[in-house]
Amino acid sequence: MFSRLSIGLWSLDASGYWNNTGEGTVKKLEAAAKIKVLRGVELIYPTHVNEENLTAVKDACRRLSLEVVSVNPNVWADPIFARGAFTSRSAAARKKAVEYGKTAFDFAKELGAGRMCLWPGQDGFDYPFQDDYSALWDLSLEGIGEVARYAKGHKIGIEYKFHEPRGQSLLDSASTVLLLSRMLGLDNVGINLDFGHALLSKENPGESVVKCMREGKLFGVHVNDNYGATDEDMTLASIHHVAPLEFFYYLNKTGYDGWISLDIAPRREDPISACELSFRNLARLEKAVERLDIARLKEAQASSDSLLAQEIVNCAIFGA
Amino acid sequence: MFSRLSIGLWSLDASGYWNNTGEGTVKKLEAAAKIKVLRGVELIYPTHVNEENLTAVKDACRRLSLEVVSVNPNVWADPIFARGAFTSRSAAARKKAVEYGKTAFDFAKELGAGRMCLWPGQDGFDYPFQDDYSALWDLSLEGIGEVARYAKGHKIGIEYKFHEPRGQSLLDSASTVLLLSRMLGLDNVGINLDFGHALLSKENPGESVVKCMREGKLFGVHVNDNYGATDEDMTLASIHHVAPLEFFYYLNKTGYDGWISLDIAPRREDPISACELSFRNLARLEKAVERLDIARLKEAQASSDSLLAQEIVNCAIFGA
Amino acid sequence: MFSRLSIGLWSLDASGYWNNTGEGTVKKLEAAAKIKVLRGVELIYPTHVNEENLTAVKDACRRLSLEVVSVNPNVWADPIFARGAFTSRSAAARKKAVEYGKTAFDFAKELGAGRMCLWPGQDGFDYPFQDDYSALWDLSLEGIGEVARYAKGHKIGIEYKFHEPRGQSLLDSASTVLLLSRMLGLDNVGINLDFGHALLSKENPGESVVKCMREGKLFGVHVNDNYGATDEDMTLASIHHVAPLEFFYYLNKTGYDGWISLDIAPRREDPISACELSFRNLARLEKAVERLDIARLKEAQASSDSLLAQEIVNCAIFGA
Amino acid sequence: MFSRLSIGLWSLDASGYWNNTGEGTVKKLEAAAKIKVLRGVELIYPTHVNEENLTAVKDACRRLSLEVVSVNPNVWADPIFARGAFTSRSAAARKKAVEYGKTAFDFAKELGAGRMCLWPGQDGFDYPFQDDYSALWDLSLEGIGEVARYAKGHKIGIEYKFHEPRGQSLLDSASTVLLLSRMLGLDNVGINLDFGHALLSKENPGESVVKCMREGKLFGVHVNDNYGATDEDMTLASIHHVAPLEFFYYLNKTGYDGWISLDIAPRREDPISACELSFRNLARLEKAVERLDIARLKEAQASSDSLLAQEIVNCAIFGA
């Protein structure tokens, strides 16, 4: 069903998200290439790819037959972004965030990537009254708008997240980003939908797919799992089963033809094995989607018949 | 600071939300009128006001000097709405929902009310796969759009809610309703912002005020409190203090000049006393807003200085 | 695997929990008897069985080959319990709660039931400072202790619940009830473990089984499902799959030989169909438990190998 | 009201919890000593105090008039504890955890500290089926028991936490630790109650105080604040007001005479200023406790009168 399978290269950094350095990128790519179903990778600028290693990374990807799916600007890790990136009250921080966004686009062109996953992780607040929300909105629109206008035609999928690392993020849900996109009036600002982030935002992830696709704004997909309160980035289908089934069902039904990218953070496990397990679980979910009795499901949905729908769904999950 | 103070008349039904009948409306209005600061009431059609008691209700309001703030269509209690109102797969249910919406507008004109609080409480789903989300969106846009076009010029404040009575609501957050409003392209479709619902949706309620006001779509406000997981509709400022302080701060700062309406459900307490306590707490919060050192707060916010902001805020709350 | 299957008779009241009356008990039993796998029922005193209908209920159960699993005292619905039952500050309310508990035991003897599910739903508080917690604990120990000493030898499974109908319950988790049991020093005070309540209390329900069984205090089990925030009492395995799998795995592994009782509240569905679906899902989960590769699972657990454990688990769920 | 005020020295590490090294301990103590109300510090072994710097730390504390409140074994940061400390399946890890516990006690004697805060942060699990819960319980009882028997007479306050860094902790609530203490039958195993952890476990922190004090097991207190979902360790009284008010009210009422220790993690703020603000807020809360009309509060609680209780409470918070 889905053949454009990729990982965020950060998923391979078993010792934690924040310790990534660009130095090991080629080695990580070589490790990733051992994952049989893998066809692409998402890279972070300047964490994984940067001015120093661009050629080496490009060569390695070609040699390993890995497509570069996206180049994503790291607008969170540098201490300059501690109180915000696009929304920082420091002009220097905002300038750097915009530059990172523009450079990520430049690198994407160089590497043949068609989109950017933009996670404005530091744009939000920790404490009540800490900031003026209207100012945050103005600055967010301004900064993201500037990047998007520079990268005209390049799909910018904003990855919303309810919280973490800030106490509360400004762009906290699918609806908020779709609203922002309409405010900006820019076709190339859409959503990179992270399954686990949808759970954190108390969304039904399948419904979020539909909402994004109706707006023509689903530019990328990250998959993983969590318990619903914090973003553990666990292996896919480790905690939830019917929620990812519905997610993939709607991706298929609505004609999403982009990449499905793993975004996991195995802290106590071998990351390659964790990716392989996640892809095996994806294959299991795809088979379960295929086992859904679509004719009867339509019948169930035509009268909101939850019992019939559940029977069909559990037949598909359990195989009988 | 706020003088347009009202209650949802349902707040007086101590035996629970669902047992309201229109029969006792005049008695409830008389009881409500004893609340000294009260200037208005929100009424539900046909629960509180209907074809039978319209004149009596109108007379009582005039006699008691109570303005009718809104007439809100009850699109949730009738069993016909069990699987949705505007989004039901039953054409009869949808028709009834639209009719209720239109009639509520007619009654509002009759009673001099300038707006409607529209809570589509049954529009959502309980179980995964129970319904087709795209169909739900189409039907929601169609039904709400029809009411809004009929009630041209009349402010329709949609009250979003994350869940309850359904497992998940379609219109689940401030952003979702603002997005819906842009989809509809209708000026008179906005938000009735319920403080407790904002908490359930994991929003910062002050930020929600700002977001709505920036879109010019804050049509009404309900206040109450809860623990964050379920909509207990508790007395104002019983659980949270800094969150409602920030909420009222931003209502004032952004120039909101509409009604502040109590929406509480005292189950084990005398409802009149519970309303009076809530209004006393509102007065306490207003005084605390006035105690905020605005000049220093601006200074704090200009650099996202959370420690300074907190010092100012706790001085204002505790009075020193 | 599990053959002692029952339902709480309240699961058949499609119009909601609170409207049950004893009048329709025989009809409900006749409806329940159509559920093929069903062998027992839990009854509430005086809601389902009482002084008026005891003989009729007894005869019906015999005629329909339904064992009475438990008689559970309704210490929540009478308005006298509005501010607590065993912990009410009203001596009359406390007396009534204890009497209900004792009478439920008397009826159990009459009906051949070996245990009681005791849900002290009103024992808790809504607002901070509303009550003195030490007094609540004293009264809870006193009242439950009196019932337990009266019903010596009769298993009293306390059903803890985090919240609802009160803002917070006193007996809010498995650990709290096990602690209470040790405080009382009474062998017959244990737990009726409700799967959905364990989710609400943020427990891993399988771990709760183990904790209760280690203390020798697992007296009964209720199954259902929910989203984790409110007690929707949904059909089993509608939302979660791996959590109930692990729950049944540990019930089996630890040698639980009591009843498995459905406790669901289908509000918009036919309740008999909802029970049948839940039992079909139970059978699916039992088969999945049987598909677990136990030898490899032990190997995985011997080194906390989460990836191997997940592979085994998803093979068992999806059938491959 | 409370004069034994301390901080966990880790609160001063503005760059994050995990980067602490023992090297800077004296400098941190000197910084801490500038906080006027401060009388004590909690130290972590071997993070802050260890075989190399014991004399230097001891001298610095004497010179700066800082009492050492506790020495807490770091059974979480060493990679050997990645899959558990006391509950690890690796005998070497368990041995190291026990040794750390014993050595922390030895250091406490040397430094004149009367207790230990023991946070078994890695003892739990991430994924369902990853471990055998009965084995986890056996190992937890064994390891903690061994430390407690070695440190006879020394108060070991276990700091429970619902989750983080593991997906779920074994010792997840006040009730669970009190149950463990009864299982062990050791007088010196009790609770170090962290206000924020009580929030994470969905407890009413005041009720947790009462529960611990009734068992005679409240050995230490950590204060901070959070939003309820993750352990942000924010400044005290930044998010919640009535909850910490009730917490301090019950600490006072039940006669707690131990230390009140700040456990905060200012990531984007100056840590000394954040501590000072927290202590100012503590003083504000103490004054509010003193403003409570105790006579009327008793009257309110004698009939669970929530409205009267709230009036008293908000008078005390707002000062009128």
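The chains carry the letters A, B, C and D, assigned in the order they are written, with residues numbered from 1 in each.
As a working rule, a residue touches a chain if its C-beta (ideal position, glycine included) is under 8 Å from a C-beta of that chain, and two chains touch if they have at least 3 such contacts.
Everything numeric here is computed off the predicted structure, so don't read it as measured data.
The chain pair B-D and the chain pair B-C differ in C-beta contact count, and the higher one is B-D.
Set against the Cα centre of chain D, the chain with the most distant centre is B.
The geometric centre of chain B is 36 Å away from that of chain C, both derived from CA atoms. Per-chain CA centroids place chain B at a distance of 40 Å from chain D. Among the residues of chain B, those touching two or more other chains are numbered 83, 126-128, 168, 235, 238-239, 242, 268, 304, 306, 310. Arrangement of the chains shown, judged by which pairs touch: all-to-all, with no pair of chains left without contact. Listed in rising order, the residues of chain D touching chain A in the complex are 82-83, 126-128, 163-165, 167-168, 227, 229-230, 232, 234-235, 238-239, 267-268. Touching chain B in their complex are the following residues of chain D: 228, 235, 237-242, 268-270, 273-274, 277, 280-281, 284, 287-288, 304, 306-307, 310-311, 314, 317-320. Residues 83-84, 88-89, 125-135, 137, 162, 168, 172-173, 175-176, 178-179, 182, 201-204, 206-207, 210-211, 214, 242-243, 245-246, 249-250, 254, 297-298, 300-306, 309-310, 312-313 of chain A touch chain B in their complex.
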